[in-house]
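Shared chain: chain A. Partners: chain B in the first complex, chain C in the second.
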Partner chain A sequence: MDRIGRIVARAGRFFLGSRREQTPAARHKARVMRIVALAILLLVVFLVGCCLGPYALQIGDVVKTLLGQGTYKSNMVIFDFRLPRLCLAILVGFGMGASGVIMQGLLHNDLASPGTLGVADGSSLFVTLYVALVSKQIDEPMLLPVLALIGGLISAGIIYLLGTKKGKPISSTKLIMTGVAMGACYGAVATFAMYVLDESQLEFIQRWQAGELWGTEWQYIRVLFIWLVVFGFFAVRNARILNAINLGYDIATGLGVNVKLAFSGLAFLAVGMSSASVAFGGNFFFLGLIGPHIARRIVGSDTRYLLPAAGVTSSVIIVAANILVENVEWFINIPTGIFVSILAVPYFLYLLMRAA
Partner chain B sequence: MSKEKANNQTRFLVFITIGLVLVAVAFFLTMCFGATRISAGEVFDAFFRFDSSNFTHVTVRDIRLPRFLADLIVGASLSVAGAIMQGTTKNPMADSGIMGISSGATLGVVIVLAFFPGAGRFLKMGISAAGAGFVTLLIYLIAYAGKGRITPERMVLSGMAISTLLSSITTAIILKNGLMTQMVRYTSGSSANTIWKDLAIAVPFFAAGIVTSIVIARSLTVMNLGEDVSKGLGANTTLIKTLSTIIVLILSAVAVIIIGPVGYIGLMIPYISRYMVGTDYRLVLPTCAVYGALFVSIVDLAAKNVKPGMEYPIGLLITMIGVPFFVYVSRRQEGDQFYG
Partner chain C sequence: MEHAIKTAHLAVGYDTVIIVPDFDIGFQKGKVTSIIGANGCGKSTVLKAIGRIIPSAGGTVIINDTDIARMKNKDIAMQMAILPQSPTAPGTLTCSELVSYGRFPYQKGFGRMSKEDKEIVDWALEVTNMGDFKNREIAYLSGGQRQRVWIAMALAQQTGIILLDEPTTYLDLCHQLEVLELLKELNEKQHTTIVMVLHDLNLASRYSDFLLAMQSGKVYAYGSPAQVFTPEMLKACFQIDGEIVQDPRSGKPLCLSYDLLRKA
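For the complex of A and B:
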């Protein structure tokens, strides 16, 4: 495994080139420092998020409370109101960002993401149908990500079947086109389901589809955390294989990677992470797309660094959007995902225009 | 070449005749079947021996007829707009729903409902047309800025991005102003509530759009050969481009304000029409208009009668027919390789 890694790293250096002539150790250090810088940025945004909102707190009080020395009131504000939402936001960001990195790497296409491939739509359709038709109450928190995972896997399978042709190389654009179209189809099915719903369920689903951080109970957050840690662990362990695939399927095969197996395994991990995020955080359409993009500009395209960097970047974006939603008066009570879209779409269009 | 041309013209005449006959059949079926059955004799009476105190006559004249005409107008508009967009943006997958134009119009409608609740029909239509126009211009800007280097796939993705953005904003306004139930009906696409007043506003624009498109049809065919060729043949490409943008804008807006956002018609019908009559726009555009009208009226007929008393929104039905078609067309496209 280690030897493959070294060969991959060398091949990577050869094919991708380095911006500056640096020793691997120096580059490693520079990238780690950049990830640390991103993490510090996330910490800052997180603390700002703790401070602002209804019942604003001083930064000193926030730190004190987090360290366990808060007053009754500040404890309540932080631990009951702010922290659950912020933790959920950070986790959803991580899940979508990491999932996007894997999908973009697997398909060699910077436009792939849980949103554009329709996987997130599949997950959310499954969960919303369950909420709408089977059970109005979700008692078992573990059930949600499992349902979302089933939905995500089914839609990934459909997209793969429809978007590829036998005997022809995988065309990522075809997959994305199919994903976009199937996303529209799932949306239509979900709208049909809306006809049997009452007003409050209708609002719940609309919010969900726009991306709303709703699963703000500690039991949900715990499930999401464990889920992402497990899937993330395997993703990081296989980052080098993803690097090899990123060089091209043939090169990866030449490097001794079982491409078929690796492709399905990594795709499973990507769908798993996006599904859990969708289950508790709603459908943040573009988050899994722009997070990895921005991160790639910062740390380069080596997956070992890109995975954590993209996770942190996406978290920063969603926490920042959340601060806007909580604090600007006109925006209060609007799904957080809308801000992610407003932020991301111009950037996405720019990407499309530039790369043409 | 000329033999093929003559052949296409014959085919055109045959297909147009078949199409018109089928539209007539759809007309009688639509008048007769629905929430209640109305006999052919009564339909005849409603048209020629109208009695305003007879409820059945009023149903035929003021509910079924405007709705049927609305379906025809929407189908023809969206198909012709789609065909023109596909030619001028060099994108075989262009469609006013897919490219996000409908979402612009929907945003317009929501803005009116939320901020000018007392606004009249005319203002409502104007603002939603402005929304559609904004997106149309954006799409053409993206298409022309790329100078044809933008692949169909990327155009579709930019359309998707634009509609995601606009529908996000729409959702925000809906949630903020509690317009939920009102909007679910509108956003899923239905011609059920069309009244004569809507048609009176829409018809002049519709007619202007269709007539202009047929006038410039020959230039569109020439443009399709490539911009250099058409300049060499003496065509005023800037004028044609501007005119076609305006036509697409008007026709999409007309359709959206009558029925709400409906996608995929502008993709399916032109594709089928080209299969029937070739690539000459003088033949393609009328074929599109007839078969687009036929398609929407049949889907609406089905939507009303699958389960009498329960209406399925035709926008959703059309999406479900359109998505497989879209996937089929996308599979036939040559993939674009831009990465690795």
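For the complex of A and C:
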């Protein structure tokens, strides 16, 4: 027991410990080490996820199968059942985590995320309306992220138009309030649209909204992967600008950032990443809140480290939640997104209590 | 006299309310100028409009003979640094990290610091007397030290002009003097043009080459402290009846005692 306690304490110091004074090189090294450690953690939960399930596998067999030396049965279990879901979960984690980092940075508010700003609701409304009005089912994988992106961009655009004024600097509070109000509005319309759905459509939409990780076909995963790589590339390239905006819009302006332009561009990237994740994974907006939050405590607020760290952290959370949902009898049939939300609530209450 | 900043018919305001209708002024190169005036007179507004933190509703701002409307944001940032009122930074940044943001307009791509960038950051920290704290996180600094780090960031921008909006707010007497001494020193050694908004009239008088007194969006008086800091100005701009004497140490005008003007 004592040993476990010591190990936990050491791990806590490794991830959360900070020193008052540290040279830039030492800080850089510590952050990179922490990101590497998070990535190893992700690898571990990924392998555990490969092992567990209705047909449990030994870790040795999993590694063998992944390296291409599996039996017919283990190949099927891994490549047809577990791997697609795990890959999707990891990608959704990255998308929501990175999107949350950008939104929180842009709005200087830890509660900003695709979910709280109504952007995810906008994406979700668009998909629902499409299923309800145009198509009985979605058979074109490219269509979903595009639909979700259009919905997300329209809603983000409306928020931006209503929440900013020409000839005035950006106010983050106003944008957040507008987002919350518009999100409620989209939610209401989406609920109303569900009345016209038949049973199978309704089932799909309901599970999708709850965060079901449904798009487990390789073609969907490929689309999401390429999508996130492209958007993520531009996000990382602009990390420096987000860092400057982190200091305040006034300071960023003084440093030579065209704040309104940078704001629109970065918001586009954030909406793009969250929309695609929402499209294939379902509603995981708590992930976009909690992932960046935890990651910030681990690597600090420098976006260049925070983007990858938040992506990996969110992936670890969603993969772990997915393992629990699939394997613990109590939780079976709870959609992963709902489960993540349930897990996130105590964390946020804890943060609130600490802040008070 | 050469002007570092010149404005012509500059108009600024929020929504439909014009706070400053027509502002024509030239700030002299290599000098310290303080803008003074009562709350709401438009002094911060003017400073922010010159620093393009708020958009202007009309008129032009010219820095070093170029209209800023025709300059890229980055190029402006290489000529003019702006320190807003009580800025806040993530407390987990170290001093040198914060100061390194001053190199932003000179950097490209991922923002790797060149050798020159690092030397300039170290220099800025030394000049502001923060060299010993360069690896310390901002959360562990005092208010005065924090303000000095922000000034160091502005210095790392290596601009000939620095605008400051009430740089001494929330600081105690000693730290107020420290900050103003630092600015004076920069002005003397680097010939930096400094334009700032100051609330404390006596400090403004003591540390400035020029005072600009504003009254409801307009220039009331502009000149040396001896010309501007007068009982008449106090009456017109602050509704104050003040006793002005000569500071025995600095020789500048000093407001010794003051009362509210009795409403007749």
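One rule holds in what follows: the second predicted complex is superposed on the first by the 322 of 356 C-alpha atoms of A that agree within 3 Å, B and C clash if a C-alpha of one lies under 4 Å from a C-alpha of the other, contacts with A are read in each partner's own complex, and residues count from 1 in each chain.
The rule is short, and it goes like this: contacts are C-beta pairs under 8 Å (C-beta built on N, C-alpha and C of every residue); 3 or more make two chains touch, one makes a residue touch a chain.
Everything numeric here is computed off the predicted structure, so don't read it as measured data.
In the superposition on chain A, A:300 contacts chain C only, with no contact to chain B. In the superposed model, A:285 lies in contact with chain B only, and not with chain C. Of the two partner chains placed around the shared chain by superposition, chain B and chain C are both touched by A:165. When the two structures are aligned on the shared chain, A:333 is found in touch with chain B, with no touch to chain C.
Contacts of A:345 after superposition on the shared chain: chain B is touched, whereas chain C is not. The partner that reaches more residues of chain A, of the two candidates chain B and chain C, is B.
When both complexes are overlaid on chain A, the residue A:188 reaches chain B alone and has no touch with chain C.
In the superposition on chain A, A:177 makes contact with chain B only, while chain C stays out of contact range.
With both structures placed on the common chain, the touch criterion links A:248 to chain B and to chain C. In the superposed model, A:353 lies in contact with chain B only, and not with chain C.
Of the residues of chain A, those at positions 165, 246-248 touch chain B in one of the two structures and chain C in the other.
Residue ranges on chain A touching chain C, taken from their complex, read 18, 20-24, 27, 165, 167-169, 236-237, 239-240, 243-244, 246-251, 253-258, 300-302, 304.
Listing the residues of chain A that touch chain B in their complex gives 108-111, 116, 162-163, 165, 171-174, 176-178, 180-182, 184-185, 187-189, 191-192, 194-195, 199, 202-203, 206-207, 209-210, 246-248, 285-286, 330, 333-335, 337-338, 341-342, 345, 348-349, 352-353, 355-356. Listed in rising order, the residues of chain B touching chain A in the complex are 93, 142, 145-146, 149-151, 153-154, 156-158, 160-162, 164-165, 168-169, 171-172, 174-176, 180-181, 184, 187-188, 263, 312-313, 316, 319-320, 323, 326-327, 330-331, 333, 335-340.
Interface residues of chain C, counted against chain A in their complex, comprise 14-15, 48, 51-55, 57, 72-78, 81-84, 87-90, 92-94, 96-98, 101-102, 104-105, 107, 109-111, 135-137, 140, 154, 157.
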